[in-house]
Every structure is written in C-alpha cells, then in structure tokens.
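This structure is in structure tokens; I'll ask about it shortly.
Chains here go by letter, A, B, C and D, matching the order in which they are written, and residues are numbered from 1 within each.
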Amino acid sequence: MSRPIGKSQPTKKPCDNAQSGYWQSTLVFVTYQITIDGKKYRLDLTRSEGRWWCRLDGREVEVDAVLARPDVLSLRIGNLAYEVKCERVAGDLHLWVGSERFSTEVSDPRSLRGRIPTADDHGPKKLTAPMPGKIVRVLVSQGTEVEAGAGVLVVEAMKMQNEIKSPKKGKIQKLLVSEGAAVNAGDVLAIVE
Amino acid sequence: MSRPIGKSQPTKKPCDNAQSGYWQSTLVFVTYQITIDGKKYRLDLTRSEGRWWCRLDGREVEVDAVLARPDVLSLRIGNLAYEVKCERVAGDLHLWVGSERFSTEVSDPRSLRGRIPTADDHGPKKLTAPMPGKIVRVLVSQGTEVEAGAGVLVVEAMKMQNEIKSPKKGKIQKLLVSEGAAVNAGDVLAIVE
Amino acid sequence: MFKKILIANRGEIAVRVIRACHEMGISAVAVYSDVDRASLHVRKADEAYPIGAAAASESYLNIQKILDVASRSGADAIHPGYGFLSENAKFARACSEAGVKFIGPTAATMEAMGSKTRARQAMERAGVAFVPGTSRGLESFEQAEQVASRIGYPVMLKAAAGGGGKGMRLVHAPGELKSALDGARSEAERSFGDSEVYIEKAIINPRHIEMQLLADEHGNTVYLGERECSLQRRHQKVIEEAPSPIVDADMRKKMGEVAVRVAQAAGYTNAGTVEFLVDEEKSFYFLEMNTRLQVEHPVTELITGLDLVHLQIRIAAGEVLPFTQGEILIRGHAIECRIYAEDPDNNYFPSPGKITLLLAPSGPGIRRDSGMYEGWSVPMDYDPLLAKLIGYGTTRDQAIGRLTRALNEYFVGGIKTNISLFRRILSDPDFRTAKLDTGFLDRMLTRKTPATPSDSRAVEVAVIAAGIFAVLGSSSAGAGERPLTSESTVGKQNVASNWKITAHKEAMR
Amino acid sequence: MFKKILIANRGEIAVRVIRACHEMGISAVAVYSDVDRASLHVRKADEAYPIGAAAASESYLNIQKILDVASRSGADAIHPGYGFLSENAKFARACSEAGVKFIGPTAATMEAMGSKTRARQAMERAGVAFVPGTSRGLESFEQAEQVASRIGYPVMLKAAAGGGGKGMRLVHAPGELKSALDGARSEAERSFGDSEVYIEKAIINPRHIEMQLLADEHGNTVYLGERECSLQRRHQKVIEEAPSPIVDADMRKKMGEVAVRVAQAAGYTNAGTVEFLVDEEKSFYFLEMNTRLQVEHPVTELITGLDLVHLQIRIAAGEVLPFTQGEILIRGHAIECRIYAEDPDNNYFPSPGKITLLLAPSGPGIRRDSGMYEGWSVPMDYDPLLAKLIGYGTTRDQAIGRLTRALNEYFVGGIKTNISLFRRILSDPDFRTAKLDTGFLDRMLTRKTPATPSDSRAVEVAVIAAGIFAVLGSSSAGAGERPLTSESTVGKQNVASNWKITAHKEAMR
C-alpha cells in the first residue's frame, strides 16, 4: 500500500509503476473545513502528479505525504517527520500524531454551499488563486455579466490548467491580473459583484 | 478480514453480520484441477451459506475454512487445524502448510472443456451428484434426446437447488434415480450417450 | 514427556501455551466456542475442537466438554491457562479421574488454598505472618467487635471465598461495623454462594507484592523473585513489574523463604504465587496464594531468563527442577502492560469489535504476547485482555524508556484500547520514582488529565493529515471502512469540472 | 547528553538506532535516498531529509550531503550504523572537523585497524597471538615461498585491505603458490585499489569466534562475551549465536582479556569487536578488529541484558562505563537469523519487490528488529537484509526451539526470503549438537535438500486450500494481487447457470 504520493518521490520507482501512474494521472483540488477541539481550520489541498499543495488558513505549508498503509500516513512538513494514524470507530474520527490524539471532524464547505445558498452568495465575491501558478487565459473583461459557474480565468500550475469559475451570477467588478502573470496561492484574481 | 466461511460458524455473529450475510447469499460450485509436484488432483468445491463441501479425487473431505486475512486461511480438516499461507510471486503460486511449501497450479477443467472440445465429448458421459442431496425433479425420461446444456435433473442440498445439465448433445441412455431419492456426492445419476 | 497437550483456554494465554508446546515439540489441541472460530489460538493449534456456545458456562467452563475433547484427541495433559477453570479443584480432580494430567497443583492443594480462611489457618500452623485478624469466619457481630477493637481500626472485612473486591468492606470506626458486616456477608453470599466473612487489620495504601514459586513433584521448591503489583484499578492489576523497586536482596530472600514455607505447608506442586501486603515499614503479611500461572508471569521470566510454562509442563511430566535456588540469577528490570479492549474516554468500558489496523511494536527489550490480529473481531463475550506488552531493561529507567517507545509504536484501529493509559502511567513523576501503592492508580485517574496544551504544531499536522486522508478517501481506509466524509468524493468530482488536464505526455503516463 | 542524533543509515539498523534515541529521549534525524521515502526509518524518525539518488555513492555514502543535513538539522552527533560509512575514517574525521560527534572510535584508530597488515603489526607489538604468517605485505614471490615453507602448507593469501572474501586464495602446495599470489594481488587491486597481500597459515574449517568490547573515553575497557559466527555462506555470516558452544568461562576470560589488550593497544573507544579464528584444539588467533557495531550485536545484548546502542551513545557523550568487568552477568543463550530478501530456490539471488503480506512472530524469547512493513516495496538498490530475528532461551536447546517456532510463524508474501534456510539449519543434527565450523553451511547447501517425503496429508491440505483461495478469488488476495486462475471467476459465473437459489428466507438473509 505504500503509494508514492510524496513530493520528493521519484517519477520512476521500479516496483510501483502501476500505482504511481495512477497517482500521477489523478488530479484533486479540494477545500475542507476541519474541526479539532472546537477550533475550525480551512484547508486547501491540491494534488497532481503525486505532489501535494497545501494551504492551512491561507498560509502555504510544504507537505510531503506517503500512505504507508491504509490509515497510516508518513508526513513530512518541512523536514519534520510524522507518522499519522487514522482511527475510525463508530463514526468517530481520531487522528494520532505520534502519541497525541485529536478528535477531528472533516466537512467540505463547497459541497454544503452548493446545497444551501448562504448569505455569502450576496455581495461582492473574491476569486482567489488556489495554488501558485501562472495566468494563462483571461476569459472575460471588466464589466462582463457572468452566470454562476462560468469560467473567468485559467491558472496553470504543475502542468495542469485550472479554470477559475464565478461563484455567483453577477458582474465582473474588477479584474486584477492579466495573461502571463505569476500568482501566489490566495492572491485575489477578480471580484464578482 | 476474518470472514466466517467456516462450517461451524454460527449464523449470527455479533460483529460480523454484514459479512456473513454476504457469504451466506453467495453460492459457488466449481471443479478445479490442481497440480502439486507434478501430481494432478481433482477438487470439487461447493460453498453455500458459509459452508464448504469438498471432494478430493472423488473422496469427500470435511472442511471448515476461515479466511483470517487476505492470503491466510485457517483450515480445519476433520479436527486437524492448519494455517495455510498463499505466496504469489511473479505468477508463481506457492502454498505454505505450516512450514511446508508446495508449488501449486490451479486450473478449471470445465472452462477449458467449454472452449476446446476434447475426446471426452464423444462416447457416453456420466452425470454425477456434485454433493450429497435429494433429487427434487427429473426433467427428462429415459431415451429423451437432449441438447448440450439442457437440464436433466435437479438436486437439492443445503437449501439450494442444483440443476444438473447434460454435458453434450445426445440421448439419455440411462436414468438411475427418481424423484425423492437421496444421493451421495459422486453418485452417478444418469448417462448420456 | 507429554505428546499432546490440550489448552483449556482462549486468547493470548492459549497462544502463549501453544507456543510453549511447539517449542518443546508437543502437539497443541485448542478448544473454541462458537464466536472463537477465527481466534488466533485456533489458527496456531495443531488440532481444534468446537465446544459450544459463546457463554463460558457452555464452553470454556464446561468440564465435561473439555474432557470429551481430551479423550477424542488423545491429549495426555491439560493446561488451564489462567481464569476459566484454572483454579477449579473439581476440574483438576476430574482430569485426574479421566487419566489426563492437569498441569498445576493437586485438587486437594487447590481446595486448601482456595478458601482464604482455610489458607490463613494453614499459614497460622506454618508460622507465617499474615495481616492480624481472624483466620476463621466471623461467628457473630460481637466477635467482630472484639477482634476489631483488639487489632485496632481501620479494619477490613473480607469474604473467605472472595476475589475481585467482592464482599470487601473497609471499616474506619466501630459505628460502621454492623452495617459493613451485614453488607459484606450478603454480597459474599450473592457473589460466591458463601457468606463466610473474616476480619483483618486494614493496611491503608499498602504495596501489593507477590513471590513466584516453582515446586516439582519430588519435594523441591524454589522462589523466582517478587513482582510489584500495586498498580490496580478496582482491585484489578493493570501494570506489573519485577523486581519490586523497594525489595532488596535481603528482603527478597526473607519473602522468598516465607513463600517456600507457605507452599511446602500446603504440599504445593507446579507454579504458584504467594501474595503479600507490604506496609510502609516494609513489613510483609501473607495475603493469599494463587494456585496457577498468572497474567504477569512474563516479568519474572524476563528477569530470571526462565520459561515458566516450559517448566510447568516439565514439572507436570514428573521431571525434577533443573536448577537449585542458588542457580537462579535475577538480572535487569521488566514491566508489563495489560492491553485491554476498553475505552479510556468512556470509563474504561469494554470495546469489542473489528480490528481494522494493527501496528505492533517490536525491537530491543520488547516482548509482545498477543491474541489479536488485523482483521479479527474481538468478541464481546470474554475478558477484554488482548495482549501483554512487556519491556525489559538493564535498569528500571531503561525498561520504562523502551516500553514508552513501544507504546508509541503500538496502534490498534477499529476498537478502543487502554494503550494511552500506560503512556500516562509511565510518564507520571510518582511512577518514575517508584512511589507506588494500591491507591496510586485511582488517585491518578481522579486527577484531570494534565491539561497538555496540545502542541500547536501537532494540531496542524492533524489538520493536514485529516485533509489528505479525506482526499484519498476509501482507498486509504482499512477494509470495510467508511471514507472520512461523504463529501470527499465530491471533491474528486470537482476535478472534472474545475480542471482541464493539459495534454502533456508526461502528465498522462 | 546529545539532544539530536543523525542516523547515517537506512533499513533495520536505522530503525534500531532511532528506537534507542527515542528510548533515551533524544531526537532522531533520518536521511533517505530517492527510493527510500516510504522506508520505515523515515516513518519513525522525528526529522527526515532527502539526500539524493538511489545509488549509495549519491546518498548514503556521500559525506558532504550527510554533513549538510547534520548542520541544517542541528544534530550534535551521528550514528553510522553498520555498512555504508561506519568504518570510513575519512567520515569520522570530517564529522570531527564539522563539530559533530561521530559515535564510534576515532579516525586514527579506524585507520590503524582498517588495514589488516597494520592491525597485525600492532598486535605483534602488543604480544597478541595471530595466525602464523607475515604482518607486512609480501614483497616478492620468493619471500612468499620462504614464509609458506616455514609455517607449512596449506597457507592462505589475503588482501591487506580485504573483506568479503575478495583477494583471498587458499594454497595447498608450493606448485600453486605463484598463480595464487598473482590472482590474489590483481583481485585485491581491482577490489580495493590496493594490491597489498599477506600470507597466513590456513586453518582448515576453523571456527570463527568474536569478542564484543566496550571502551569509554576514560580508559575503561570491558569485554561482553563472545559470539559464535562460524556459519557463513561465501564468507558472509548467516546465523550467529552467543555464547559459543565451545567456549567455557575460562576460555572466555582468556579471549576477553586478549581482546581488551588488542583494544587498548589501538587506543580504542566505543563499541568494537575482535575477531578470532579458533582451531580444533581451541587455540585462538587474532584475525581482525571491526571498528563498529555489528549486525549480530543483539545476541550479546540478550545474554548480557545490556543495550549496546544506548551504551555507544553514552560513551560518545563522554560518560564513564556504568559497570565494571566483574558486574557483567552472562546468562542464557541467544541465536540470530539474518532475514534476507533472497530466493533460496534460485541460488539466493536478491529478491526485491512489494511485500503483500507480513505475518511477524512475537512471544516469549523472541526479539525482532525489522525494517520492513506490509505494503512496502523492498528497493533493489541495497543490501537485502530485511530484519533480524533473535531467539533467547535458558539453554541453547530452548533458544533453538523458540526460534524454530518463531520462524514457523514468520511469513513474508510477495517477495522471496531465506526464512526456510534457517528452518533447515536449526533442524540439522550437526547444528543441534553444535558441530560448527566455517565450512558447515557450504557443505549443508551442497547436500540435496533432505528428500522430505512430503507429508501426504499436508499435500491434501494444500490442494484444498488452493481450491478455496481460487474460489475466494481476488477478495482473498493482498492488495494489488492477481486471482489464482483467470478461470476462477468462470467458476463463479457457473453459479448463475448451474444453480437456482431456492427462495428460503433464511438463505437470503
């Protein structure tokens, strides 16, 4: 089960080609809200080609992860190493970091938002870069009326293009970047009003 | 992974209900040709409701099996207990019985027969009972012409009905049992000519 | 030597005895109840016989069924392990009548030592000190009053047939005596079918120290050093060590010689343990004798280098003890943790269920005697003891260091265990300095968990790991497990709409 | 004491050192090559740094990269394990220059003992017996002829820089000497870049016995007893034990004292081993000194109750040895098996690959030091040592019994291992009676496998199990495994056509 999903994993590993091939062609981009000890954290995770990009409450964190066995993660954060074990008993989720245990809840705010329109859908909304990258296309101009879900910009990073969509129906109030610009994770790219 | 597929496994086991339900509703009836050290063995295996029926070269063997983990079988044959481990390296199959290791090949003679008609398809063929049971229906009479695959008899055992089919196109030369008869595994039930 | 031994037990102790049999070239016969077919002891045995329903009375406590298996399998001896029938004199007698050797003392000795009052009478005759009090059941409240005032309060009332804290009452003052006596009697009657209660001087927060003995059937009896068993929760031992930090060579010799005298007075054979209460002045008093192997026997094995189960079998087979008292070398320090399926967050309630992940420690100085495996479902029907983890070291500090390291490696997923309790005990300053008594654990547990200000870095790691586990979804989970969130797949589907894959050849390979 | 130790190694020895660090409350820093990110030592470390490509010269042998990590991580000491840089004096010197403590002897000592001829010269000065011959490189064929005729044939030619049997030639008669000398010299040049060759009297089928030493930096040196390492395949140790069955207390004292003299002559500090050849008359000769921890150190740990890695760290931190020679107690017997990823059916060729199933032994008297885990892929780039399995017993027989039992429990699926070789060795009558010499294993392996007439019952069990595994198909297989036959699913599809399920409610539940 040791799947190379780590950053520094070589692209060719003799015994694991089939699996690394799988991971390399799988692309994931998610945002979770994670609650530990009553405190909520926002975690943006992107995986492509076996590498992870991670933002924790907006702050970029360098992460290298290997799933050693099901429910056992070997993590490197910077150069600190952790073995994290996932304990799932009767619906409860606990994560063990070394010998410390954390009661944890994971939810996906976007999927919730998709179902229940919230106050957030009113008023101006910022479009931010989910990861460091380059603006390869701008699909609208300032003042354009857009539908919810319409493409606004395309960011490229790690050989993948990410179409940034409008979270709501409205007008492009501001366009803060142009084609070819390099952006950092979290940069505001546009505002929809 | 400890699935109760054993004979003496109780039908209700508190922690394993979902899995035992799965096994109980799965029905398997197979014949394998198994080669060890150049010697060929014919093995008839039937599983239903989590119990196994086994015939080794025509001789009935009482078997109680539990898959303790993937590739690890806890076997009871009579009251003798064995831990059997399955070693699969690069297409080779070895079975470890305790500390003895056997190079093993498994093939399914019926599936081969289905593809390549052999000399066996000519001449009279015996229909035998795959397991002990009761004849619940006789679908033909002596002298009937049948197609290959046509139902000849139905045997019931362990709450399952098994339709015994003609292995070839031909004439029912002999019908050796009648409805309600109890049969043992291996008994000849009919002969197709 | 025996050819075939039936193990009338289950779980980790059955596995431990099966291993000893195999090490000695003896066939091992397992018995199992309906819920134990997939248990490790069945996997490891040479023969295995079903003996009935889950309830112990229908299977592991059913003398007739076990003797039937002995006869069908042709076993020439039976090892009872601990618990179940191990201290049942009737079973020992039935084995003897059936012509199969019971690996343990004789039925007569078990009967003599099984009653605490009869054992005290025997010790009185043998001149062994026991806690001041009566060695016969109390006949009247008046007698209780007289004895109590003679030995001085506080006093302890105890059931003669007792065990596990049942029928015990601590009495601080004369005014409490009457109701305590009535309560102890009725609880003893309910628990053991025997209302006999005796009185002892109460020793407050004593140490509980026991001496391991071996006696062959040729009159040789030796002691193998003591075990410190003061750490108990509700009168049940939780963690044990050898040697006791307060026992020096001189005290060991004195206690050992008293224990040998106890055993010889009882005509004892095979392995047994004499329990002592030790007060703050290190005076020790006979408490009772356990006529069987004990859960904590490994700590004695590690400091003496001997195998008690091998020796039990050799003694039962009629062999002479292969060493004298002077040849026994005690070296190093060993500590045992009893790993239970119980929930530390929920008052240590049992926690049966399926083990979805098992990471087991090993390495220098670590012994693990376990009855579990990954994928096995811990049945709800028996004692929650899953395994014993034992750490050995040159010194007590090293043993603690190794055990702490091993506990950090140990992980049982799918059920709850008390592994975290041991981490807490081993890091407790009083434990580190060996300030132990029988009240230690209850005091520690009533204190709040030291408000470890969760290392903020560890919290971040947990957050990130939770996210990664959620992305990996069910592929990262043990068999039969749910993914972390029902939305985690939504995350993956977003990929299709959110992302377009650039057709770089490298990316698609 | 050190706060943070960098472990300049991988695999089971890196894990073993990390454990020692954690047991002592020290942070452990791992380094890893590109193919080792998922290795166990990275999982268990507190910090982990990538150091380059799989080739050892790019990573584990790259002094500069390792010192860079030491500096970045702030490690105050480096443990080299064994193999890789452990005997590299240049590395020890570079550590010292970088201000990080090398856990081992000084660079100067390593250089002195690293050349076999220089070591022999030092022993000559110290008055230690070594195998008769030259203690300097041979200058000419004529000199070789003279020495050989003086000490008598057979003689052995050996490379001064040698190891692993390279540059060695056994010469039975004068006529063979010339070509043997030329061959040894050119092989030595090719293997070590140094053609220096010396001559020794050949001792035919000697025992290979070594003495473990510890020396602190305050002039105290003790010996911890010997190890019997005669069982070798192609000059590589396979199974080791302590004590040696032929060494009694008297001989141990003599050998130990010679070894201490060797160490003191070399100004040795930290853990080291003096190797001896022992002839049939039990005369022993200095062979060489290993200036590092050895793979077989656990057998010494088990019979002495000491932890050599803890002691290495304490010594390097400047502590005084915590015991004297007289306080070391040797008790019991220990045997170690080196578990390798190699194929016993195919001339013991290495067998890297993914471990699909791992059943690991434990229980009384069993120590397991392992670098593998289920699901891990053994890389093809390094030594195939996966784990060490060590059995301890009161007696040699008991150690053999326990180890045999544990080997029967050990199972590694997905790759081949040499576990079966150890079963064969342990059951060999000559091994059982301790008739050991360095030719034992090659003789045993050239004999055909004893034609064990396969137990016909076991064959039947294998047939039945094969069928059941085939029916269970991929659900019974480890992750990523093929089912047994491509037809096994056909068997299942037959159900649909062959069978009709009676609609009993019970059956469908």
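To be clear about the criterion, contacts are C-beta pairs under 8 Å (C-beta built on N, C-alpha and C of every residue); 3 or more make two chains touch, one makes a residue touch a chain.
Source: prediction; values computed, not measured.
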{"item": "Touching both chain A and chain B (chains)", "value": "C, D"}
{"item": "Selected interface, B-C versus B-D, where C-beta contact pairs are more numerous", "value": "B-D"}
{"item": "Chain B and chain D, separation of their C-alpha mean positions in angstrom", "value": "49"}
{"item": "Chain A and chain D: spacing of chain centres that average the CA atoms, whole Å", "value": "46"}
{"item": "Whole-Å separation of chain centres (CA-atom averages), chain C against chain D", "value": "37"}
{"item": "Multi-partner residues of chain D (at least 2 other chains)", "value": "44, 353, 408, 479"}
{"item": "Interface hub residues of chain A, defined as touching at least two other chains", "value": "69, 72, 80"}
{"item": "Interfacial residue positions of chain B with respect to chain C in the complex", "value": "1-2, 4, 6, 8-10, 13-16, 18-19, 64, 66, 68-69, 72, 74, 76, 79-81, 83"}
{"item": "Parts of chain B lying in touch with chain D, wherever the complex brings them together", "value": "5, 21, 24-25, 27-32, 34, 36-37, 39, 41, 43, 45, 47-49, 52, 54, 56, 61, 63, 65, 67, 69-73, 75, 77, 80, 82, 84-89, 91, 93, 95-102, 104, 106-108, 110-112, 154, 156, 159-163, 165"}
{"item": "Contact set on chain C toward chain D in their complex", "value": "15-16, 19-20, 22-25, 44, 298, 301, 305-307, 309-310, 329, 331-332, 360, 362-370, 392-394, 398, 401-402, 404-405, 408-409"}
{"item": "Footprint of chain A on chain D - complex, ascending", "value": "30, 34-35, 37-38, 42-50, 72-73, 352-354, 373-380, 479-480"}
{"item": "Residues of chain C defined as touching chain A within the complex", "value": "351, 353, 356-357, 359, 407-408, 411, 413-416, 420, 423, 452, 454-455, 457-472, 475-479, 481-482, 484-485, 487-488, 490-492, 494-495, 497-502, 504, 506-509"}
